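The same chain A turns up in both complexes below, where it pairs with chain B and then with chain C.
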Partner chain A sequence: MMIHYKSFKFKKGFTLLHRLDPRVKFFLACVNVVGALVLGKTLPLLVILASMLPLTVVGRITKEWLTVLKGASVFAAVIFALNFFFSVVGVTGRPLDFSIAMALRFLILISSFSIFFLTTAPDDFSLAVQKARIPFDVSFALTMAMRFVPVLAAEARSIADAQRSRGLELEGRNLLRRAKNYLPILIPLVANSLRRSMELAEAMESRGYGVKKQRTSLYSLKFRRTDLAALGLAVLALFFIVFTRIYVKIPTIVG
Partner chain B sequence: MRMKPFEITLAALFAALTAIGAYISIPLYLVPITLQTFFVYLAGAVLGGRLAALSQLVYIGLGGVGFPVFAGGMAGFGVLLGPTGGYLAGFVLGAYVIGKLTELKGERRFVYVFLSMLLGTAIIYSLGAVQLSFYLDFSLKRAVAVGVLPFLPGDALKMALAAYVASTRHMRSLALKIKAASRKKNL
Partner chain C sequence: MIRLEKVSFSYLPGVEVLKDVTLEVREGDFLAVMGENGAGKTTLIKHFNGLLKPTQGRVLVDDVDTGSATVAELSRKVGLVFQNPDHQLFSETVEDEIAFALKNFGFNRAEIEERTDQVLRLLSLEEYRQASPLTLSGGEKKRVALASVLAWDPKYLIIDEPTIGQDYEQKSNLRKFLSEISREGRTVVVVTHDVEFVAECSCKILLMAAGRVIASGPVEEVLTDRELIKKGALTLPQLVEVFDPLSRLGFPKAVFGVEEASELLMENLRRLKRG
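Coming up: the complex of A and B.
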């Protein structure tokens, strides 16, 4: 089961959402996640999920966002099934509403951050990480790891295909044998990627990485009036979520 | 903290590998079996303590900012505070301990690497089980039954695999290279 990493890739654009300060966008995604975590009923979670749709329309990423939802819905179905099963068996004894809410919570967790990544350029992202006072070397490793993940995933798949075409069996009942058969995939994957990372380090060195103590960057983040407005809205939403959690008795709509 | 280029790329690489490992998984109730720990062990045995811990920190950072790299496609800092967050904290500490132990010995013999991984596993699971029991109001005994015992056979297998890979000639020479390069002065 692979989530489509493509859906987390930045899509170039010049919409309001793209121009928003990445820190504000990140805060917005966090508000959604907090909402998903503190409100454990179907109705409010549906509202949160639906509230993301207009955002994606503004950012012109509705299609990509829906792809994310589609990819995540498989996991969501598994989560629902597990919760439902355990409540029927009587381990947890929670109503149907809870099972649906857990699946929705997962969908919100995944899709709210995908909006952030779809509309934030990698350069803006690393600038924002630096602004958070994380040392440059670490933030650089973070951005690099982010780009490594899809590459490695593709490589693992092609190595598996290559080995399968040589007659390697990855299915079968015998667990020990299956585990052993993962070796011809893992070793080339690790060896190849190690070599690649050493080459990358040489390339960085030859370009003089780390020669100057103080780094400068071509672009800088600016906090505009629209950012302030968006931040205000996000804070308002957060207050609303907390208020709902404490004072409102949310009805269960199913079960 | 100044890092050398190869330290940066290796930390990034093992963070990404751990992320890939999270996808090769068998879902179970509450805690899934994944290949993550295989790469945690390997990072410790190959990179040495400091770099291995850093690679796991980068991995947690990657998931924390919302990239779906935690087991089951989860993401966000919420996961760290959730029931399975203790395992993630354990990855950092476990990788550090495994790395430090193999560094102390120098020579990477299969048996020694395997034994240090055993200690690392104990750290990962004790942190994981404590947070699991805290989060779910389980007794520690039940948390161990749900969150530790089902994984031990798989982990024994993964440890053997990782110790084998780390003790191959290729990996040994790489570990020596890392050690030699880290003694060199910065540019």
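Coming up: the complex of A and C.
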């Protein structure tokens, strides 16, 4: 596994970034994603990626973020190579700048959500989703999915151990064969997840889940001044991105 | 022979889960690895077929260092049956499940059929041949998992926590089965914290606590030693608890079989009655 699940797992902390309202953080991640999608050139994408550094410093997750980048860089390299190859073969104007931009796009997408999940507690996340007027069933499912990622990762490892002990080879050069060899791992993993979710559903229903339509929460989210400031910055960034996209002729810096 | 020489192992830096473990599993041994949850038993046996490599020391399987062989190569000799059968069952039928490893190890079609028949019979699974492994009961799943490993006839059979979730009768059948294949000459290592299960086995015990081997010896020695049992956070077998005080009346200090115990008591009570 080149990108470890820990890259997206909440890391407890009390920094400004951790305490920020999850909705604001989510909005911020979305702004970055929008930026990555609408700006297709190396220079602005580099700026966006670089702007994440101070964010991670504030959240004390720079080390984790760099690990994410390192893991993702393998994929980014593949994206770069494929784009470069096909745009050289095709007709696109500036293959190098374009291919780098594509790889950067990927890094930004991964980073945005990694930063979000690294600094947002599952409970805050579920509150935020609820507040967004998404039905509780859906938000609960989302939160549970998030919580079960580490469980699933550990289970995948145990399954792989069991199958390798039965002579299953997961290494080797033939990609197609390797993909096929993952079936003995995927099938038990999916089957167990299904079974677990059934059991969970039964256990929850026997404890009264879904009896009351109107739910209340013990904790609630409150918008503070810092949230407002951060939101303001994010909106500003969004304007800036849209403005750049429409009115600025971005120079190509490479290729 | 499987040999561990001064093996230490950590999953995370700084936390040693195995500490300086040296041991030998000789051919024909019938060995029970015991110890409480978290003692490091599963971690230990994952070293036997190279799933884990020691952070310090080395592991030799028939004189081959596990560091220089693949898991598949080692598994041909060292068959590991994992605790949770749900971690390995994936085929559409029990038959396919058993054939899976046989295919991986390169057996031909005729051999696969012959061996599948054989283990299905051996573990009384014939009627489930075409059943989906996922629909079986817990006990049956465990038997299928065991069958799927026995099928390739590994020289060493290592079986992790086979008694968990099994009822009394299933356990006693399993004990008979393991004793049987041990008597036929196969090397068997059972990992368990079930003292009652081990008490009736004629095997050697390797007792682990906090990543170390704290004792090794025959059942009569280890399972009657209060100190050791306490250190290993296990409990004395019930029959030992019964006979230990009775030994002051001239009874043997420890009796491990229920039948043997009942006969002994009957005989003495009868004698008493006769006066």
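Quick note on the criterion: the second predicted complex is superposed on the first by the 221 of 255 C-alpha atoms of A that agree within 3 Å, B and C clash if a C-alpha of one lies under 4 Å from a C-alpha of the other, contacts with A are read in each partner's own complex, and residues count from 1 in each chain.
Keep in mind that, in the parts below, contacts are C-beta pairs under 8 Å (C-beta built on N, C-alpha and C of every residue); 3 or more make two chains touch, one makes a residue touch a chain.
What you see is a predicted model, and the numbers here were worked out from it, not measured in a lab.
K.L.:
Does chain B (first) or chain C (second) touch A:L37, or do both, or does neither?
P.N.:
first
K.L.:
Is A:R166 touching the first partner chain B, the second partner chain C, both, or neither of them?
P.N.:
Touch status of A:R166: second partner only.
K.L.:
Once the shared chain is lined up, is A:P188 touching chain B (first), chain C (second), both, or neither of them?
P.N.:
Touch status of A:P188: second partner only.
K.L.:
Quick check for you: in the superposed arrangement, does A:F27 touch first (chain B), second (chain C), both or neither?
P.N.:
The answer is neither, since A:F27 touches no partner chain.
K.L.:
Touching A:S158 in the superposition: chain B (first), chain C (second), both, neither?
P.N.:
In the superposition, A:S158 touches chain C alone.
K.L.:
May I ask you to decide whether A:F10 touches chain B, chain C, both, or neither, giving the answer as first, second, both or neither?
P.N.:
Once the two structures are laid over each other on A, A:F10 reaches no partner at all.
K.L.:
So which positions on chain A get touched by both chain B and chain C?
P.N.:
183, 187, 191.
K.L.:
Quick one: which bits of chain A touch chain C in the complex? Just the residue numbers, please.
P.N.:
Checking each residue of chain A against chain C gives 155, 158-159, 161-169, 183-184, 187-188, 191-192, 195.
K.L.:
Would you mind writing out the residues of chain C in touch with chain A in their complex?
P.N.:
Residues 46, 49, 51, 70-72, 75-76, 79-80, 82, 84, 86-90, 100-101, 104-105, 134, 148-149, 152.
K.L.:
Which stretch or stretches of chain A touch chain B in the complex?
P.N.:
By the definition above, chain A touches chain B via 1-3, 8, 26, 29-30, 33-34, 37, 72, 75, 78, 82, 86, 106, 109-110, 112-114, 116-117, 129, 135, 137-138, 140-142, 144-146, 148-149, 151-153, 156, 176, 179, 182-183, 186-187, 189-191, 193-194, 196-198, 200-202, 204-205, 208-211.
K.L.:
In the complex, go through chain B and note every residue touching chain A.
P.N.:
1-6, 8-13, 15-17, 19-20, 23, 25, 27, 29, 38, 42, 54, 57-59, 61-62, 65-69, 72-78, 157, 161, 165, 170, 174, 186-187
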